[in-house]
Structures are given as C-alpha cells and as structure tokens.
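In what follows, chain A forms one complex with chain B and a second complex with chain C.
The block that comes next holds the complex of A and B.
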C-alpha cells in the first residue's frame, strides 16, 4: 500500500538557476526501508525536505508536481500537521535543537509537550528513548554542551520520541562513530519491523547494503537508479554518480577478473553477500575437483 | 618533538572530566589519526593545541611553547585547526575573503597570501566559487571552504577535526590528495576521523581515546588487532578486515589488493598480482 509518493516533483531553490530536484516520481509503500544516496548536491536533502513539507512551506522556491502522504497533498497541510505523520531528522544536529530547552531531557520531551502527552507517559517515553541512544548520563546536560556525535543521537531521540509513522533521516550518521552509526541502523530496522516506514539519505553504502530494502540513487537532481541494494550498489554507473562501490564489491570485482567469483553470480554489495558468494565458490570448486 | 602532551587533564564547567592524564608525543612531519567514540574527548583535546582550551592540570607543548601561557593568536602561526562544524569557522562574505582570513591575520604579504589562497582553493576545487558567499553553499562545500582556509595558513601543524564527515567519495579524494601534499611538505598533521576505511588506507599511527583517557597509541594495524579496544573506542574494523574475519582468514588486510591476495590464497590459488 502506497504511503508516500512524489509525482513529477521539480524544485528550484530561490535564486538558483538549476533545479535541486527534476521530475522525480517515487512511490513508497508502508513499512519499506528506503535508502536515498548520491553525491553531495544530487538532491537527497531536498527530497527529505519535500517529504516533510519544509519545501515548499518554509522555502520560497519554485515547486512543480506533488508530494502525497497517505493520498493527501502536502500543499494542503501545514508543516505541523505533516509532522504528526512524518518525523524529519536533519543532518546538522544543531539545526534540530529547539534552542529553548536547557537540558537533554527537556529537549527530548519538547515534542511530546507540544502534543499534550500526559506527564507520566511523557516521562516514561523520554527515559526509554534516552536509553535507546545511550544518552541517560547526559540527561541533565545542556544540548549545546554535548559532542557532535552525542548531539546527533539527541536529534534522533527527539524525533523518535514522538513516534511518527514515517521517519525521514538526512544523513543521520555523519558525526557518529562506527558503532553508533551501526546502532542507528539497528534501531531503524526494529522500527521497520514495528511497521514504520524508513527513508534515509545516506552515503555509507556498506550500511545501506545491509539494512535497506530499496535504494534510490540521485545524480544532479534526477532519480537515476531505483532497485534492491545489491542491484543498485553494484551498478557500473556508480563511479559516474561520484559514488564508490563498497570494499566488498571492489574485492569481488577483482576476484571475478581472476576467475575466483562464482560464474553468473551477481557481484555483492554487503559483507554477508560476499561471504555467501565465496562459500558458494568454495563448494562448487571442491565439487569440481 | 613538535607536540608534547604531559599528563593533560581537562574538566568542563559542568564538572565533566573530558580528558584525564593524557601524555603523548608527535614528531615533526608525522601524520596521526585521533580516534575514539563520540564524546571520548577528541575535539576537546585538539582545542588545546592552539590554546582555545587551557589544561586543568598537566600541560601541552606545541613547538616548545606551553599553550597555557601562549596567546591563541601566537599559536595560530604554528597550528591551524579545522573545526568540526564549518559554520563555527566561516565568518566572511566571499569564499576568497574567507580563505584569505588566516594568511592575512598571520601577517603574510599580499603576494604570498594570494599564492597560498589560490593553491588552497585549487586543492579543494573551489576556484570558480571564489566570489560567491560561503553561506550560499551546502554543508560539504562549506566544509571544503573551511579546509582550504586552514591549508592556506601554511602552518607547520594542521589539525583536522572530522574532515571526512559529510564528504562524498569524490570530495574525499580531494582531501586525500591534500593530506599527501601536506606530508610531502613535511607538515605535521593530526586527523580526527571515524572513517576506518579512510584512516586504514592513509594513516599509519593512531591515538585512541575512550571516556577521556588515552587507551592506545601506536600503529593503526596493531589497534585493529585489539578487538576489545576497538569495541571500547566505538570503532569497527575496515571493511577489508571485516571480510577477512568473516571468511576465517588470519591476515589483517587494509586494502583491496591485500584482501584479494588473502582470499585467493585461501581459495587455493596463488595470489596473483593485481591485473
């Protein structure tokens, strides 16, 4: 069932000569885990903003086409109405902070307060989310005294606290240490299993390869690839999009040239796919010997 | 030793002990990665190098100057520091003026400033942007502008706080070329990064922090061998090592070629040189 849709979406930022998105049509089903990738300035963040209604409601640029959530046009709803269905995590965590709450605990509670969630429920929810992101010890500190990575985890926590049905994340792992980045994807996978729809702009292709169901690749405002991770992330087009294949794909490519990758097996994008391919090679090779 | 930390300890106002008893030495011309989990103290540590923060206890010497008793303006001629967030750094209305800001403040003459700025802009492919406003660009361009600004200062020591965060693979190649150039000029470079694939391929020595304490100082390859330390530091192995472990190999490949050779050997084939 289609939950989120863009229909011939084109958008030009004010004062810009070339569009940030050009004729983009996407249909996303409820419960999908979709990764959006591409070089910088390819349109990833703009797409995130369009989903959340930040574009066109908070920017004056020129927009053509439509964005629909559950069949309703974003143009007919305010940003705060859209926020009841869709949570947006920004890339730069400082931009996400309310600036009017003085502790990490209060910052996470902010969205819940605005929705009038009962106090007991709110306290419980804040504590759960802080624990999820390992921020309990920071609860009484100022959001602005946290390290870059801690702030990014806080930005995620503030959005997850209000429990939106659709979660859109703009490169949420930029400042996270490797284990922290992996943890975010693990949390997103659990949320997907609970029925949430996940859309994540991300450049760490090894993580996308492991966790996403579907990858959209953008190049200069256009959607150029749309498919399962193994298909998109091993595409020969990737270098033209200024994206680098994962090490797993690179290693398998060289093995393939040496005749050490199973015949007719697609190249891998993830660790698991590579290990499977190699064990298949070993089995068929042993059999032939 | 161009950088020498002795028992460096620092507590923020909210009494959080951000750094505890950290000692290390870095020789001129070395390139060192500073790693560790989020909140481990990496950014706090590098802010001591140009005197933005002063030690609560212990001391840090940069080019034989005690940073606690030297002015930041004085230290700036020795150490250029890239902030993690480019917006904490950018203060001018054009890209050209922004990149000029450092060299001008260091008192370089017009000719030297122009040459340094042109070179730095070219390194990060920003030449065509020089008349534009830095604030009109996206995050990664602002980051490139901030990096060009510190390279243009032509200081003996350069410190990059998370230069790889938010860059795409092409922009990353510009950074890698810059690091190579700086090393060929015998500059001392300290790089904070969470990107283990980038670090594994470009840097030999690592200092790792965990909860404000130094937990490792040595060859990066040796850090990768210590799984407990990697876990404690919030790190994951580079993809080539993850693959080698998952295949039950004993080697620790840090590049595609090393990884292919190890797998080829396991598959009973001679490890042929890369075609």
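The block that comes next holds the complex of A and C.
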C-alpha cells in the first residue's frame, strides 16, 4: 500500500539556476526500508526535506510536482501537521536539539510536549526510548555535552519518542564510527519490524546492502536507479555516480574475472549474498567432481 | 530532571521557598522593585528601606552569600568610578564637604552617586535573586504557557542554553587554528589579532546552525497550535497569581504617580 509518493517533483533552491531535484517520481509502500544514495549534492537531502514538508514550506524556492503522504498533499498541511506522520532526523545531530531544554531527558520529551502528550505517558515514553538507545546514563546531562555518537543517538531518540509512522533520516551516520553506524541500522531494522516506514539518505553502501529493502540512487538531481540493493549496488553505472561498489561486490568481481564466481549468478552486494554465492559455487564444484 | 553541573546556568539548586516560587511571580517582583526604586520617592531612607527588604528576602532564600559576591563584582567597579566623578564634577555641586590638595569633594555629587548606586543595587539584588533561584527551563516553561507565541518564549529562553554550544564551537575552531600554527594565546594584542580568523567561521557556522535549528524546531512540532503539555511541573497557586496582579497594579500606580509628578 502506497504511503509516501512524489509525483514529478522538481525543486530549485532560491537563487539557484539548476534544480536540486528534477522530475522525481517515487512510490514508497508502508513498512518499506528505503535507502537513498548518491554523491554529494545529488539531491538526497533535498528529497528528505521535501518528504518532511520543509520544502516548500520553509524555503522560498521554486517547486513543481507534488509530495503526498497517505494521499494528502504536503502543500495543504503545515510542517507541524506533517510531523505527526513523519519524523525527520537531520544530518548534524547538534542542530536537532531544541536549544531550550537542559537535559537529555527533557530534550526527548520536547516533541511530546509540543503534541500535548500527558505527563505520565511522556515520562514512560521517554524512559523507553532512552533505554532503546542506551542513553539512560546520560539522562541528566546537557544535550550539548554529549559525544558526537551520543548526540546522533539522541537525535534519533527525539524523533522516535513521538512515534511517527514514517522516519526519514538525512545521513545519520556521518559522525558515527562503524560500530555506531551499525547500531543505528539495527535500531532502524527493529522499527521496520514494528511496521514503520524507514527512508534513509546514506552513503555507506555496505550497510545499505545489508539492511535496506530498496535503494534509490540519485545523480545530479535525477533518480537514476531504483531497485533491490543487489540490483542497484552491483550496477555497472555506480562508478559513474561517483559511488564505489561494496567490498563484497569488488571481491566477487575479482573472483568472476578468475572464473571463480558462478557464471549465471548476479554479483553480491552484502556479506550474506557473497557467502551464498560461494556456497553455490562449492556445491556445483563438488557435484562436477 | 535536574541538569548536571556542566550546564551553562547561574541557577543554584537549593530547596528554599524562593526556588519553589513561580518564575512569573519573581519576574513581577523584579518589575515592581525596578519601578519602586526609580519611580518612587528619591529619599535615601526610602531606597535603603527597599535595599533592606531585598536583602531580607535574599537571606531568607539562602542566597545572600552568592548574591553578595555577584553584586560586589558588578557594583565595585562602578563605585570606584562614580563616587569620585560625581563628587568632583556633578553639575549641581554647591556644598563643599572636604578639600584635599585642591580637589574638592561636594556633598550633592556624593549623595547623587550614593543614591544612584543604591537604586542600582536594589534592582541588581532582585535580578540576581531571580537568576539564582529560577531554573531557565522553568522560565521557558512558564513563558511558553503564558505567551501565545512560542517563538517569543524561545527568543527569551534560548540564549543561555545556546551559550554552551557556542563555547564548544569556539574551542573547536581555536583548536583547529592552533593545529595550523595560528597563535591564539599570549598577550592582548595577539589575542586581538586572532579574533578575525575566529569570528568568520564562528558567525558563518552560527548562521548555518540557526537555519538547521529552525528546521528541527518546525519538524518537532514547536509551532503546533494544539494544546501543549509540560514535563516540568511548576508550582503555582491562587495566592501567587493574586500577588502577581497586586505587584503589577502597585507598579502601575507608582508609575502613574511618578508621571503626575
């Protein structure tokens, strides 16, 4: 069932001559885990902003086309109204902080206060979310005194606390180490299992390959690839988009050149796919011998 | 949830009646004190009476020591400048109080300086009392509940909080500049020279952050028109509300009388 849709979306930032998004049409189903990838300035963040209604409501650029959430046009709703359905996590975690709350606990509660959630319910919800992100011990600290990784988790927690049906994340792992980035994706997978729709702008293709159901690749404002991770991330077009194949694809390419990868099998993008491919080759080899 | 000590705030966490008072009651008190000091009778005795009342309130709230320290830091430099300047140069000087090596100290100027400083002290004590006994988050909560505009509450409440992040950014920029060989320490002149390369990235960074933060506030429902709730509990009562209105009414009457001459 389609939950989020862009219909021939084109957007130009104020003062810019070239569009940040050009004729982008996407349909995203409820419960999908979609990764949006591409080089810098390819349109990933702009797409995230368009989903959240930041574009066109907070920027006076030129927009054509529509963005629909559950069939309703974002233009007809305020950003606050859209936020009831969709939560946006910004790229710089410090910017996600309200600036008017003194502790991590209060920061997480901020969105709930704005939605008029009763205090008792708020306390319970904040505690649950802090536990989910391993931030209980930081509850009394100032949000501005957390490490980059902790701030990133807090940014996610603030969005998750209000329980939106769609979560849009604009490169949330930029300031995280590999372990921290993996943790974010693990949490997102759990949320997807709970029925949330996840849309993440991301350049770590290894993680996308493992966790996403679908990948959208952008190049200079245009959607150029749309498909399952294995299809998109092993595409020969990827280097043209200034993206590198995952290490698993690269290893399989070398194996393929040496005739060690099963001929009719698509190249892998993730570890699991690589193992599958190698197991298949082993079975074929054993059978022939 | 009380913040830890790393938070940039002047709030002193004590369990006194002053701390428990609603922030708007304390704000009304500051207003009344200011109006009473500058709009009331100009006799020194009256000002000293106001000073005494403020001191008693501060002491009963357990904030006398902290207030005295802060007050000294502000008043002492002013005292050192104002007393001699007005004693020697006040335009209404007539009565010679004492003469020393050709320098004449006049009574009128001295009294004017003392009166001005005492009025200022009265207002400062009330202000310190407010700052030391009110957690900024409580102030923001109170303002958010009272103001119809959340933006105004944000404007009034956010500067103190954002100081911490600003300080952090300054340290990061300075560390980066040190790493590239710029001397940001040393004497006054060197420090002054290092200001320019600090200010540009600081201001540009702040502009970007303001844009990002305004987006974050919007998408977190800050401007939502629905009824908001609050995590922080503020104690208020009918008596406090009555006192607030009473203080505002007295302030208005004093101002009116002052205006009528």
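By our rule, the second predicted complex is superposed on the first by the 289 of 289 C-alpha atoms of A that agree within 3 Å, B and C clash if a C-alpha of one lies under 4 Å from a C-alpha of the other, contacts with A are read in each partner's own complex, and residues count from 1 in each chain.
One rule holds for everything that comes next: contacts are C-beta pairs under 8 Å (C-beta built on N, C-alpha and C of every residue); 3 or more make two chains touch, one makes a residue touch a chain.
From a predicted model like this one, the values you see are computed outputs, not experimental measurements.
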Side-by-side fit of chain B and chain C on chain A, or clash: clash
Which superposed partner A:128 touches (first chain B, second chain C, both, neither): neither
Which of chain B and chain C A:206 touches, first, second, both or neither: first
First (chain B), second (chain C), both or neither touched by A:141: both
First (chain B), second (chain C), both or neither touched by A:87: second
Partner chain in contact with A:29 - chain B first, chain C second, else both or neither: neither
Touched partner set for A:105, first chain B, second chain C, both or neither: second
Touched partner set for A:193, first chain B, second chain C, both or neither: neither
A:177 touches, of chain B and chain C: first, second, both or neither? first
On chain A, positions contacted by chain B and by chain C: 92, 94, 141-142, 145
Chain C contact footprint on chain A (complex, rising order): 49, 52-54, 57-58, 78-80, 82-84, 87-88, 90, 92, 94-103, 105-106, 109-119, 122-123, 126, 139-142, 144-145, 158-159, 162
Parts of chain B lying in touch with chain A, wherever the complex brings them together: 12, 14, 16, 36-39, 43, 84-85, 87, 136, 138-141, 162, 165-171, 194, 196-197, 231, 233-236, 238-240, 242-243, 246-247, 256-257, 259-260, 263-264, 267-269, 272, 274-275
Contact footprint of chain A on chain C as seen in their complex: 1-4, 6-9, 135-137, 140, 153-154, 157-158, 161-162, 164-165, 168, 209, 212-233
Residue ranges of chain A in contact with chain B within the complex: 15, 39-41, 45, 91-92, 94, 141-142, 145-150, 152-153, 171, 174-182, 203, 206, 242-244, 246-248, 250-251, 254-255, 257-258, 260, 271, 274-275, 278, 281-282, 285
